[in-house]
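To start, I am sharing the structure in question, which I have written as structure tokens.
A, B, C and D are the chain letters, set down in written order, and residue numbers restart from 1 in every chain.
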Amino acid sequence: MQQYGFIGLGIMGSAMARNLITAGYQVTLWNRNPEKCRELEALGAMVANSPARVAAHCHITFAMLADPAAARAVCFGEEGVLAGMTTGKGYVDFSTVDAATSQEIGAAITAKGGRFLEAPVSGSRKPAEDGTLIILTAGERTLYDEALPCLEKLGKKILYLGEGGNGAKMKLVVNMIMGGMMANLCEGLALGAKAGLVPAELLDILESGAVANPLFRLKGGNILAGNFAPAFPLKHMQKDLRLAVELGDRLGQPLPCAAAVNERFKEAKKEGFGEEDFSALYKTVS
Amino acid sequence: MQQYGFIGLGIMGSAMARNLITAGYQVTLWNRNPEKCRELEALGAMVANSPARVAAHCHITFAMLADPAAARAVCFGEEGVLAGMTTGKGYVDFSTVDAATSQEIGAAITAKGGRFLEAPVSGSRKPAEDGTLIILTAGERTLYDEALPCLEKLGKKILYLGEGGNGAKMKLVVNMIMGGMMANLCEGLALGAKAGLVPAELLDILESGAVANPLFRLKGGNILAGNFAPAFPLKHMQKDLRLAVELGDRLGQPLPCAAAVNERFKEAKKEGFGEEDFSALYKTVS
Amino acid sequence: MQQYGFIGLGIMGSAMARNLITAGYQVTLWNRNPEKCRELEALGAMVANSPARVAAHCHITFAMLADPAAARAVCFGEEGVLAGMTTGKGYVDFSTVDAATSQEIGAAITAKGGRFLEAPVSGSRKPAEDGTLIILTAGERTLYDEALPCLEKLGKKILYLGEGGNGAKMKLVVNMIMGGMMANLCEGLALGAKAGLVPAELLDILESGAVANPLFRLKGGNILAGNFAPAFPLKHMQKDLRLAVELGDRLGQPLPCAAAVNERFKEAKKEGFGEEDFSALYKTVS
Amino acid sequence: MQQYGFIGLGIMGSAMARNLITAGYQVTLWNRNPEKCRELEALGAMVANSPARVAAHCHITFAMLADPAAARAVCFGEEGVLAGMTTGKGYVDFSTVDAATSQEIGAAITAKGGRFLEAPVSGSRKPAEDGTLIILTAGERTLYDEALPCLEKLGKKILYLGEGGNGAKMKLVVNMIMGGMMANLCEGLALGAKAGLVPAELLDILESGAVANPLFRLKGGNILAGNFAPAFPLKHMQKDLRLAVELGDRLGQPLPCAAAVNERFKEAKKEGFGEEDFSALYKTVS
């Protein structure tokens, strides 16, 4: 029977690995802290003592790691994925990393005869648990085709975006739009409040019209409730805006509105809201 | 039986008056060009030969006029609504006008003993026909209560926003947010295109996530198709953005992102896209 | 001998009237508080008990008033300039007023057979005392020609800018540029400070190169010294920026940089710096 | 007698080396194309056949190279400066490079026992010929002290800004301010023109007031004359603005006005004006 690996059992990774196991796949796990493997072991998963072992044992290995540094360590480190990689095997990285990191990992895997697919996901804990993530893949097409049945257990929408790097770029564009919408919402709420309008009525009207969207519904309510607990930290949104504006710079695409939004998030970071949810922009705007 | 008036049978007004008649209300019409009354007459409506006659005959008179000048003419002109207004009667104006015009009309109606409700609507031809408009009312509360059964035949969402002027302000805030979202979408599409991403895939991803909204779906498709036929003309959006930024100025609310968006729409107007749909901003951005 | 009037003896007006008297002109004064006339009376000036008397007595009457309200009162009020105006007389208003106020005053003077010249000045107390103001005139050309010898006692630079209103517009453009330069300076000083550079060295380098200008020299030093005593209040600069951006809006001229600067000054006003010098923008930026 | 080296005889370097020779210093030259040495040889300079020979022969070696790549090649290349560097010698680099390049060169020189001073200059051909450059030095203090008599033959203003990297940062801040001023000027000229004002009169007024500066005088005249021949290419100004905004990002300093200016220059570059003078921004603005 086909063997699958899963490396990285944080909030997202645990939920995703569980969905694979529940769907009947044979999964071998590795996590830096092995305690986190116990619960899934009870569901039938195996556990290996290094990323190299996972990769050597499995046809396709998935990974979901916190940041570029962790993604590099798991791949290039001693007893890392690379050490277990051989011709024909596949490595699918769900981590959100920059395009450069992704391309370095991909090149190293390819040099060992393996195949690489970058696959950053859009969505947080709940969609991960429900198997309703959006998965933005890019890289080796044959690996995408082979991994697709697994990916369909994890996401409601799986896209193949072509050559490696496109997944990371797509995420930047999407987050740039989302950051802009948050700025629109915050300025609108602040202006409405100053004009004596009832904020809840503004949200209600937005919800009823052509601009109705889950972000305004969820974050709008949180803003009115003064709840800025971080689902997506403000400093990360600012980083994505910066990277998007820089991407525009390299490509000769002026982005004056996104640049204004970026400066606004920088102001919020300067005022100390970087660790709060990105909706905390409201505190700077109002 | 209670009598209702309806003045102004353009695209929106015709559809709205028809919905009242179909719902069983006794409606008396006036339109500058009386030919437009014929079809509704066939459905049972009466026709009067002046706005004054409509107001004198009816308990509540509705109006849907093109702009502030038309709204003023129908109210203050010879044989206008004001001439037929007497104690206790109601006048409900659906026209989108500035707060000053609305307040002048309201004061004049009130001075004659009448009651006034401003009621700008959000939505275009289709929602008017389907009776699914969003109606933003403000002014005399008792009139709102009495008119509500009628309004519920016209809109899916009817809000009472307090004192006169609040309807106009609310529309500005909503349109400011909508204009901002259009700028976000256009910059995102342009950046994606420059980065080699497939625009339709970007729209697809936006549609699947937290920012999914009817505006992106509709206008995004139009932009990719190069269809900029005016549903909401760009020059009107720019005017609303300008008014919103000026409102912020008067109220001491900085709006740097909306100001950047406003300048972008001004650029598009300068390039000659003022009469096209506001999604034609894309041609300036890309 | 030719008679000249001077109305309004504030800081600026006193200095300007004194320069006329010292140059040998016969000057008749009026000021709301007549005590302020005493010192100049001692130098040979006459004093009249109303603006109307000044205008009736003199061939050309000058005025320097605080704001549009004062300028209107002196012209249109009981015993105002208008009451003393007759065919061929001239009225030169140095006050900084909006173009509309200026044009109303001009039309009223003209209707009485008189001639009107708007003449807003650039410069504050010191240049007024030294006779080194910049005087931006617009309106009746023959009056300009006749008043020129007097104006040359008050300013080092006197321009005739054509039809009435051009003086006000020119001041807006100049102040828009000045406000932008202040924003550049403040952002540069703030960035330099964060980068560990010595602010005084930055000012020194600016002073040595192609961008060297008196504004940076004077205000830069004040900023480093924490001296924000109002020479030109921040709220007035913000008002001028707003008017300039609105002028651009009416004329179809996008001004994205000035709009960003305007929003920054609005932020500073919101933070409570409106009454301080416009260089207090630094406190918001840094 | 003390020996000095000079490497790089482009427009700037030739003029600077000539000033040293004329002042009586013994100078040894190297240039990639040795033909360019002939004229200065006639004035008494010696010529060496590699940068290493120059460095080995001289107590202090100066360099003025086109860009980071040339600066690295001359230092690290075969027979480069590094190969001739020994304990106690000095290397002064006038080239405009990024801080990272400067710090790498400095570290390598220091590792060989030498001393390094970065010394980017502000000013173009004319000040180089006249010996009136502004020289922004940073790095080894003792070398600054020893080189100062030479530097004083080249510049009218020589600053020592502390640790290596400060010269590059200072140049970014200065150019950010200069780019902002150009945007102010262009928007002001464009608004004035639309308002029917005479552009030359606007320049005249600016020249007479607190904002008077050589940049407005020179570039304003060029803009009105339609002369955009590159003294400082627009694409270089945009690059400096981008680097300044990025520096602000790293340091937590919001720069909304500079960001708006940067986007404007990007627009101009997109419209094809990158190779023209940075005053060609006017063509995008107007």
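Just so we're on the same page, a contact is a pair of C-beta atoms (placed from the backbone, for glycine too) under 8 Å apart; a residue touches a chain by one contact, two chains touch by 3 or more.
Keep in mind that what you see is a predicted model, and the values were worked out from it rather than measured.
Undergrad: Contact counts by the stated rule: is the higher one at A-B or B-C?
TA: A-B
Undergrad: Compare the CA centroid of chain C with every other chain's and tell me the farthest one.
TA: Between chain C and the rest, the longest centre separation is with A.
Undergrad: Whole-Å distance, chain B centre to chain C centre, using C-alpha means?
TA: 43
Undergrad: At what distance in angstrom does the C-alpha mean of chain B lie from that of chain A?
TA: 40
Undergrad: Scan chain C for residues touching two or more other chains and write them down.
TA: Residues 248, 252-256, 259-260, 263-264.
Undergrad: Okay, in this complex, where on chain A does chain B touch?
TA: 122-123, 134, 136, 156-157, 159, 161-162, 166, 169-170, 173-174, 176-178, 180-181, 183-185, 187-188, 190-192, 194-198, 201-202, 204-206, 208-215, 218, 244, 247-248, 251-261, 263-264, 285
Undergrad: Within the complex, which stretch of chain D touches chain A?
TA: Against chain A, chain D makes touches at 242, 246, 248-249, 252-256, 259-260, 262-264, 266-267, 269-270.
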